[in-house]
Amino acid sequence: MTGITDARIRDSFARQGLMDSFGARLEQVSSGRVLLSAPITAASSQQHGFAHAGLTFALGDSASGYAALTQMAEGAEVMTVEMKINLIAPGDGLRLWAHGEVVKPGRRLFVTRCTVEVERPDGSRRDVALLQGTMIPV
Amino acid sequence: MTGITDARIRDSFARQGLMDSFGARLEQVSSGRVLLSAPITAASSQQHGFAHAGLTFALGDSASGYAALTQMAEGAEVMTVEMKINLIAPGDGLRLWAHGEVVKPGRRLFVTRCTVEVERPDGSRRDVALLQGTMIPV
Amino acid sequence: MTGITDARIRDSFARQGLMDSFGARLEQVSSGRVLLSAPITAASSQQHGFAHAGLTFALGDSASGYAALTQMAEGAEVMTVEMKINLIAPGDGLRLWAHGEVVKPGRRLFVTRCTVEVERPDGSRRDVALLQGTMIPV
Amino acid sequence: MTGITDARIRDSFARQGLMDSFGARLEQVSSGRVLLSAPITAASSQQHGFAHAGLTFALGDSASGYAALTQMAEGAEVMTVEMKINLIAPGDGLRLWAHGEVVKPGRRLFVTRCTVEVERPDGSRRDVALLQGTMIPV
């Protein structure tokens, strides 16, 4: 993981309008791993005030994609081929944390997994979603 | 499909902060089918100005969930158990259209599919994503 | 769809030991579409005598892969990148029928869908599974 | 994990005709975890003699389902709601090992993951597939 790679991830992340709309932050970047977070607000909620599955997915997908991008050749960009999400608990709390990681890098495709946690008002966290998907360099 | 069911969908949709943030519209509701749309804006884009996968997913997931809700018992609400999305073309255009439908209603679970199209500046549309998932009444 | 392509599918199918073990038949081949069937026997059942999900998946995955192969360049072979299956009814009957189709051909990847039906003793059929996945030429 | 639960898993496994056809073995059972293995033979291969995706899926799905069954109420049986598999390397070797585990038990649904490894002639192993799915008690 070089400073150049880190800058590439930060630059791409900064250009994602949706991540900006969500107030998402790029928390950590290392080879094959990216951590993102975003607050759960009225603007990103579902009908009960919990995190909308669209927010949970967006963070998990982006953390997965950027995790893959850390291991792609210079100049490459990353696109999602497909992504599966299992929602295992309501996103009832203050902030989501998405831990994306590469589980199989490849020349043509990258397989990724991501766990998304919700941070409760008391600071505790619990898992809300598990993602497994495929990324492609373009 | 009664007026009561239609009102139930519209009421739930109106309470989803994320759909409001996206400027999403509930276009059509019938038994087992829901059509949503949303503009592609700088606020919902990825790094190339195309629709972010998070927007595409959020619309497709919501169209799927509301399609299921049209066939659930009165008083029920709907949650996503799991959802798989295949992204088949870039969301390069003005607006996304998400066609959600129930493929298998059940007492305990509903299986849904959704096709998301992008509307181009010339008015033409093409498919950008296919979703297949499971909804549960709560 | 040329006779050459048809022969290519039949040749590859004939070399799949698992399809032979299952007594599977290549029923129809056309561009982007393949139909397979297999009997439900004691040797391919789960604990209640119904079709095992492994049989349902194997047929659906093979029908999907061969549907993609009909549209791949000569000399290519096909591999499954990923596959999602929703099981929507028990495989309670005599024979499974798997209808695979290409929904998005591509230079690098093919997206496929497949519906698997069970044939009942009275000749009626009903859907038992829906598959959506990604195939790659190798 | 009681002896009773262990016996329940072994009894159900023994009644699965497909597992018997594959020569599959129930290697280990503990609360929330099940390990299965099966030889790769001409009868379970694809066109290159590697493990057919249908074999890989069948083992991974069964290991996942039985992992869930270890945590279900007495008298319950388990069915697969949906399963996603990413195939990350060819099943080129002698035997497959499927490590199923519960990642989220629930009253109504269980979320599972499974890693399938191939054992090479030199005794080394490598991952060939990752599964993530949903099980339901019936």
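Per-chain residue numbering starts at 1, and chain names A, B, C and D are given in the order in which the chains are listed.
In this section, contacts are C-beta pairs under 8 Å (C-beta built on N, C-alpha and C of every residue); 3 or more make two chains touch, one makes a residue touch a chain.
Owing to the predicted nature of the structure, the values given are computational and were not obtained by experimental measurement.
Asks: Pick out whichever of the two, A-D or A-C, is joined by more C-beta pairs in contact.
Replies: A-D
Asks: Please identify which chain has its centre, taken as the mean of its CA atoms, farthest from the centre of chain C.
Replies: Chain A.
Asks: For the sequence-identical pair chain A and chain B, what is the superposition rotation angle on Cα atoms, to the nearest 5 degrees?
Replies: About 180 degrees, rounded to the nearest 5.
Asks: From the mean C-alpha coordinate of chain A to that of chain B, what's the distance rounded to whole Å?
Replies: Centre-to-centre distance between chain A and chain B: 21 Å.
Asks: Compute the distance, rounded to whole Å, between the mean C-alpha positions of chain A and chain D.
Replies: 29
Asks: On a C-alpha centroid basis, what's the spacing between chain A and chain C, in Å?
Replies: 34
Asks: Spell out, as numbers or ranges, the residues of chain B touching 2 or more other chains.
Replies: As it turns out, chain B has residues touching two or more other chains at 81-82, 84, 86, 134.
Asks: Contact residues on chain A for chain B in the complex?
Replies: 12-13, 15-21, 41-47, 49, 52-55, 57-59, 61-62, 77, 79-87, 90
Asks: Can you tell me which positions in chain B touch chain D when the two form their complex?
Replies: 81-82, 84, 108-109, 134, 136
Asks: If you look only at chain B, which of its residues touch chain C in the complex?
Replies: That would be residues 84, 86, 88-89, 103-104, 106, 111, 113, 127, 130, 132-134 of chain B.
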